[in-house]
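The following blocks contain the structures, represented as structure tokens.
After this come two complexes, each holding subunit A, first together with subunit B and then together with subunit C.
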Partner chain A sequence: MTSYPTTWKRPPQIFKHRGWRIGLQLAVLVWFVLAIGTIDANWERIAAGMERGLRFVQGFLQPDFTSRWSDIYGGLIESLTMTFTSTIVGIAISVPIGIGAARNVAPRAVYYVCRGIIAVSRALQEVIVAIFFVAMFGFGPFAGFLTLSFATIGFIAKLLAEDIEDIDETQAEAIRATGASWWQLINYAVQPQVMPRLIGLSLYRFDINFRESAVIGIVGAGGIGATLNTAIDRYEYDSAGAILLIIIGIVLIAEYGSSYLRKFLQ
Partner chain B sequence: MLSVENLTKTYKTGDKALSDVSFSVEKGQVVGLIGPSGAGKSSLIRCVNRLVEPTSGAIKLNGTDLVGLGAGDLRRARRRIGMIFQEYALVERLTVMENVLSGRLGYVSFWQSFTRRYPGSDIERAYRLLDRVGLMAHADKRADALSGGQRQRVGIARALSQEPELLLVDEPTASLDPKTSRQIMRLLIEICQERDLPAIVNIHDVPLAQQFMQRIIGLRAGQVVFDGTPDQLTEDVLTTIYGAEDWTAMRKGTEEDEQAERDAAREMARLGA
Partner chain C sequence: MTGDFPKEWQYRTPKTKLLIWAFWLCMVAGFVYCWQVMNEGTIWFFVQDAPKQAADIGSRMWPPKLSYVPELMIPLWDTLNMATLGTMLGVILAVPVAFLAARNTTPSTAILRPIALFIIVASRSINSLIWALLLVAILGPGILAGIIAIGFRSVGFVGKLLYEAIEETDVTQIEAIRATGASPTQVLNYAIVPQVMPAFWGITVFRWDINIRESAILGLVGAGGIGLKLQASLNILSWPQVATILLLILLTVVISEWVSAKVRTALI
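Let's turn to the complex of A and B:
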């Protein structure tokens, strides 16, 4: 009778040689120690800052909704308007670009152009785009609207294109075999397959846009972010706390609302 | 009448799926196409409506050569050729009615099809066909709510709503149980006789082919090795078609399917241009 081993160890998967593994771990450790040494922390400043931090936290614990309410309300309405319009406009522009960026339905030349547009939109971070548009069109929600529309294009078009590339090709083949034109193919074979996901993505983008509207407001693109920035600049942490709580509340509502809707649509 | 003359298909990788295939199908004749996986059955049937582009040869449907037609003429030719698929290939999220009406896409404008406002005669025909295949009550259901056999009936109704002059049938029963398979085959044969429709049926199941087909063509490695009646399909003939155990052909089968898919994707991209 043969005897079989009773112990087993998982063989190393990436670096087979023991020396390499130990050397690499040591190198990472040395790098980390050296790097952390270059971050000089100013301990006196930190001690002084503790008090300010505490006031900030206290502001949260006692949020003041009333004394700046008209500013907060105005900012909120501006943000919601910006979110809604930019999501709609962004999606309207994304759909044709998304179709153009799907390798299986678009001709090569169109494919590269649309992929290029998506790459540009995704490469530029919202805050940078917002600074650019504020410089171009001045402070206010119009710059914010443009920024969010631009960011929506990269997001929706890319994910839509990927979804189109993943469709069941036999359904498309069957529609083509009936003598359908390209537009009919998109409408009958592609659209039914990608529609639920497109709606889900749009709702998801709506709440991303609302959150982003708060961030880009800080660089001058209007909305609740601008109100928040003003409150912090004036050291009115109680109002700032109220604004943050409202933002969290709305994001939660949008989050649960959109996930419920998505489930309903499946 | 369909006549295929010296049809050859070589894929970009250099694999020869069909070489010098010639045959013709008379009106009302149902031809079974048998052969091992990778013999070129699927490529042959897709060359006829040019979902796969033939390399050389001619395919004549009632006088018109389908090879070399431009995009517009190809669409007009395709609407005269009904196709039925192995996995039904219904658009799952559309209703049964929309799936049947989609057979009319080649005849209506984009706007008519987009708004689902088909001519009255098309809608009447769709209801008549649904009644014929026994699915009158399911018209407004979504296609993914139906069973396999019911879906294949919708597939048949869709192909017939094109008022085709030829039916291409690709493994109609491969995803169905034996009883449903026979029901579907019988329905297909009846419909072809009612309408005097010629049909080419790819079929894996040799006994099923012998039971239902009037004529059988055997393909092996892209060449016609048998063409005759089911009675003439003897053991010896089956050995020439299938070989004793042909493992390499089976491996080629999946390769061929992949190539057909790639070709189809290219074709789609070209249509968009």
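Let's turn to the complex of A and C:
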């Protein structure tokens, strides 16, 4: 009887030559050692910080909603209004840009301009944009509103453009065959096909904007992030824990609410 | 007989039309209300003044101070390491969480699955900048806090996408392996892991690309890397240096996006 092997190993797929594989693994190992070497951990500082870490965990388990409630409430209202207005304005601006960035409905020149706008909006980090808007427009939620609107454009317009490029061309052709103008084509062939996805994307972006609004407050653009930053700077970990729990709770509600709404609309 | 029917065909019933109208009314009213609440503290003089300010900052930023670039190489190296090590940490933490969260591989739907889902949501709702803010207070400033912050934020992202991939695995292949008399670990190893492997690498590279962007700004709260230099330059109002740093970040982001797109098309 021949003995069959009891294990099986998939042959290598990408790097077929043995030398390449060993070389690559060695390179990764060398990089890993070098990278670990650059971590300048100060163990005394970490040991001293552990007590603080423990206090933070305690604060998270026993959050203090009451003693800083008026600050938390103010930050929350700023964040929510900022999120709502910036999502709406962002979508209103990104719909025409998204249509312009779809290769199958826009002229070539418009296509490149709109793709350029999307690339700029996506390449710049929200926090960096916020720093500039705060410098230009002053502290407060107005700068945050502009930042989030700007970031929404890149996200929605890109995904909308890809969706328009993926539409069923036969329907567009049928509308075109009736002698429809460009506006009628957009209204009767493109819009019904992309509408469900646009609604889904808008709700998703609302969710993202709320999360981002918690961050851009750190650089002065208003919202709950500013309150959180202050709480951590003042070592009030129980208030910080309460703020974080509120953020998690709102994100949860937004996520489940939007998935329910999307199911209801489709 | 004929009088009851409308003469013209309409796509929607009057009731849906009314509902849609009410929806738009609510949106507009909500927008106006939110706009007013938000702008209570806005100083409109600053807003009017903004174009002048923008032109002023722009003129100060140009030309970028290119002689500053060599000084930025070590912080850039730190940033890249922070992103990569953070991604590794995040993936290592995310894999068990994903297997606990997936409906078809979780050992207990009643206890462990909700916990895993909560970990994923908590990690996803808190941005890495906030994690860094906390960890810098606990661990002290430096790249270690940045790595852990990036790792914690990645857990939710990788965990969510991976557990969805695990739930979408083909049942017939699992059944075939099980029919050979394989143990549960062998089923995992030979039926589920090969199916999610391409998704796993795709998600990891995608997250790595996002982490490069995020790690560039973590320095703003003291977590090391090029963001520290950015913060320092902003504090001394050295706009040509700020411009240089931003250009370098932009270049890094474009390169990492290109690498990640290449790797993903090669894998999938």
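Going forward, the second predicted complex is superposed on the first by the 255 of 266 C-alpha atoms of A that agree within 3 Å, B and C clash if a C-alpha of one lies under 4 Å from a C-alpha of the other, contacts with A are read in each partner's own complex, and residues count from 1 in each chain.
Throughout what follows, a contact is a pair of C-beta atoms (placed from the backbone, for glycine too) under 8 Å apart; a residue touches a chain by one contact, two chains touch by 3 or more.
This structure is a prediction, so every number in the text was calculated from the model and none was measured.
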Tell me which of subunit B and subunit C touches more residues of subunit A. C
Looking at the overlay, what does A:Ser67 touch: subunit B (first), subunit C (second), both, or neither? neither
Of the two partner chains, subunit B (first) and subunit C (second), which one does A:Phe137 touch, if any: first, second, both, or neither? second
Which partner does A:Glu169 reach: the first (subunit B), the second (subunit C), both, or neither? first
Which superposed partner A:Val110 touches (first subunit B, second subunit C, both, neither): first
Is A:Gln193 touching anything from subunit B or subunit C once the two structures are fitted on A? First, second, both or neither. first
For A:Ser181, select first, second, both or neither according to whether it touches subunit B, subunit C, the two together, or no partner. first
Which part of subunit A faces subunit C closely enough to touch in the complex? 10, 14, 35-36, 38-42, 45-46, 49-50, 52-53, 56, 77-78, 80-82, 84-85, 88, 123-125, 127-128, 131-132, 135-138, 140-142, 145, 211-212, 214-215, 218-219, 225, 228-229, 232, 235, 240, 244, 247-248, 251-252, 255
Taking the touch rule as given, give the residues of subunit C at its contact with subunit A in the complex, in rising order. 27, 30-31, 34-35, 37-39, 41-43, 46-47, 50, 53-54, 57, 77-78, 81, 84-85, 121-122, 124-127, 129-130, 133-134, 137-140, 142-144, 147, 194, 213-214, 216-217, 220-221, 234, 246, 249-250, 253-254, 266
Help me check something: in the complex, which residues belonging to subunit A touch subunit B? 103-108, 110, 168-185, 187-189, 192-193, 195-196
If we count contacts the way the header does, which residues on subunit B are in touch with subunit A in the complex? 49, 51, 75-81, 83, 85, 87, 89-94, 98, 102-107, 110, 113-114, 155, 158, 162, 168, 261, 264-265, 267-273
